[in-house]
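By letter and in written order, the chains are A, B, C and D; residue numbering begins at 1 in each of them.
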Amino acid sequence: MNAAVLYALVGVGLYSLGLYALIVHAHLVRKILAINVMGSGVFLVLVALARRGGEAGTDAVPQAMVITGIVVAVSATALALILVVKLAAETGYATLSGNRQE
Amino acid sequence: MTPTDWIAALLLGMGGVFFLAGTLGLLRFPDVYTRLHALTKADNVGLGLIVLGLSVQADSWVVVGKMLLIWALVLLAGASVAQLIARSVLRRGIRLWRQ
Amino acid sequence: MLLQSGFDVALGLGLLWVAWQALNSSDLFKAIVFFIAFGLLMALAWVRMDAPDIALAEAAIGAGVTGALLLGALARLRASNAGETTMGQAGNGQRRFMASRRLLWIPLLLMAAGLGYAVLSLPGYTPGLSAQVAANLGASGVSNPVTAVLLNFRGYDTLLELVVLLLALLGMWSMAGPAPPPSAEAAAVLDGLSRFLTPLVLLVAAYLLWVGTRAPGGAFQAGSLLGAAGVLLILAGWRANVASTALSLRLVLTAGPGVFVAVAAFSLLMSGQMLKYPPAYAGILILIIEIAATLSIGLTLAGLFLGGRPRGERKSP
Amino acid sequence: MQQLYLALAMFLLLNLGAGLWRVLRGPTAADRMLAAQLFGTTAVAVLLLLAQAFGEAALRDVALVFALLAPVTAVAFVRRLWPEQGNSRDTD
């Protein structure tokens, strides 16, 4: 097993852990963290699999996609966090209504 | 191994020891003030020794300059953050550890 | 060789463990600190994946923006007593769900096993598009393949990414209302630190932008650094004296996508195809787009951290 | 020599792992934040070692970015989460 496969498997692991946390946690900030971890897992799989080029070198296309992905992920996170902050300011909860007693 | 290699290895090893000391301090010291002290000093010395060890074998002066700049920035960050956190902890009324 | 594998295995296990803690720590603040550590380990993983361009972006975003963003949001949530959900707050449905949590492992493990099997069964040698990238690198105007892909071969992707960034900021502006007022006057140490570091960050951002044409670096990394400088200035209590309606602010925010579209139109006229630069001008066109994109990305990230529309007031002297 | 760099980088990584214990234990939020600060310094050292071990100059730029931005998260913590007006004595 070479390093690329190792990191791709770690990426799969991260994606699964993130999905688990996304489902079981009610707090929306935890859900945002979970989505971020899932995203990192996907990025890791993409870049790890781009390394199978051998002498032809690393494939630059997935790397470029991941760079823009990281910056877009952080701006989406910022937007999501503002939504949660507004929700909590309005309702006093940082969870969706289905997940709490009214 | 040439004599330069030995000097580099010695410096790098000492750097590792200081990092270990910083972590031991972080884990073993009794309160946040002492841990602050351990971290922001031991690790910065450790990084300095590693930078020195790498500089001995660096290819060019530009590389040495960049590494020294990095070390200076880490020192600045360590000193500022230590002061800011210590001040914030103190104002929150967290007591100092007494034997 | 053994040491390298050891490093990779330790880093991989560390990533998984830290991610687990970031997702499942009892205390939300603890979870966020673990998430910050997770970003740091990810940067090391990118280094080991021969992707220094990504490592640079991850370092700038992770160290400069994400942590500050999460901690700021947590502070605002605590102000409205929503920093944490206890089990008591969870509804009946949630509690019933907790009971079936163990069953959730079964489909998730099956999914993980399936994905793992898919990864393992992929052919070992796949050059992907690296041959095409290498063949056309000479005509792209830059010699860093990642920058060539970002700004030449798949320029339209990057153009749309810049639009997405802008949309995120506009979305926040329309929902969040005016930004929270700056916290109390910064301590002397913080004030001095922000004055000392900001010019250096700008310098390194310019360096990364410049070097990005031939070595790891580029607009996204430089823009993220600018954003981090903005975060530091906002934390130190500095505010630019512009309202969200100011023309100057809007011009810089739209400079990235705007210049990109202008270049696309120019290339449409010159060569009949959008974003197909004439090889003689490719280098300079890419640099112009990158400068505009860097400014837009930096200002957008800082604006996202501000947490609302800028009010247009100056730091009181 | 490359072996030595790699061995030291590995040692520092394990060192970082040991530091995670403090994030886990706390007890105060400041302790956790401090540990995160240590990770930044350690990552810089690891990156410098890897840069020399593999002859990749770009990794020094990554280290430079980490060093430049090392204080940002801690400053956010001090300014936003633990502002000085706060007199509550909760330990998180």
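Structure notes:
Heads up, the rule we're going with is that a residue touches a chain if its C-beta (ideal position, glycine included) is under 8 Å from a C-beta of that chain, and two chains touch if they have at least 3 such contacts.
This is a predicted model, so every value here is computed, not measured.
More contacting C-beta pairs link the chains of A-C than the other of the two pairs A-C and C-D. If each chain is reduced to the centroid of its CA atoms, chain A and chain C end up 12 Å from each other. Averaged Cα coordinates give chain A a centre that lies 22 Å from the centre of chain D. Chain B and chain C have centres, each the mean of its CA atoms, that are 28 Å apart.
Counting partners per residue, chain B has 73, 76, 80, 84, 87 as the residues that reach two or more other chains. In chain D, the residues that touch at least two other chains are 33, 35, 40, 57, 64, 68, 70-71, 75, 77-78, 84. Each of the following residues of chain C touches two or more other chains: 4, 53, 74, 187, 190, 193, 197, 200, 221. Under the touch rule stated earlier, the contacting chain pairs are A-C, B-C, B-D, C-D.
Of all residues in chain D, only 1, 4-5, 8, 11-12, 15, 18-19, 21-22, 28, 30-31, 33-35, 37-38, 40-42, 44-45, 48-49, 52, 57, 60, 63-64, 67-68, 70-71, 74-75, 77-78, 82, 84, 86-89, 91 touch chain B in the complex they form.
On chain C, the positions that touch chain A within their shared complex are 4-5, 8-9, 12, 15-16, 19-20, 22-24, 28, 31-32, 35, 38, 42, 45-46, 48-51, 53-54, 57-58, 61, 65-66, 69-70, 73-74, 76-77, 80-85, 89-94, 97-98, 101, 104-105, 108-109, 111-112, 115-116, 119-120, 122-131, 133-134, 145-146, 148-150, 153-154, 157-158, 161, 164-165, 168-169, 171-172, 175-176, 218, 220-221, 223-224, 297, 300-301, 304-305, 307-308.
Residues of chain D touching chain C in their complex: 3, 6-7, 9-10, 13-14, 16-17, 20, 23-24, 26, 29, 32-33, 35-36, 39-40, 43, 46-47, 50, 56-59, 61-62, 64-66, 68-73, 75-81, 83-85, 92. Residues of chain A touching chain C in their complex: 3-10, 12-21, 23-27, 29-30, 33-34, 36-37, 40, 43-45, 47-54, 56-68, 70-72, 74-79, 81-86, 88-89, 92-95, 98-102. Residues of chain C touching chain D in their complex: 3-4, 6-7, 10-11, 14, 17-18, 21, 27, 29-30, 33-34, 36-37, 40, 43-44, 47, 52-53, 55-56, 59-60, 63-64, 67-68, 71-72, 74-75, 78, 183-184, 186-187, 190, 193, 197, 200-201, 204, 208, 211, 215-217, 221, 225, 228, 231-232, 235-236.
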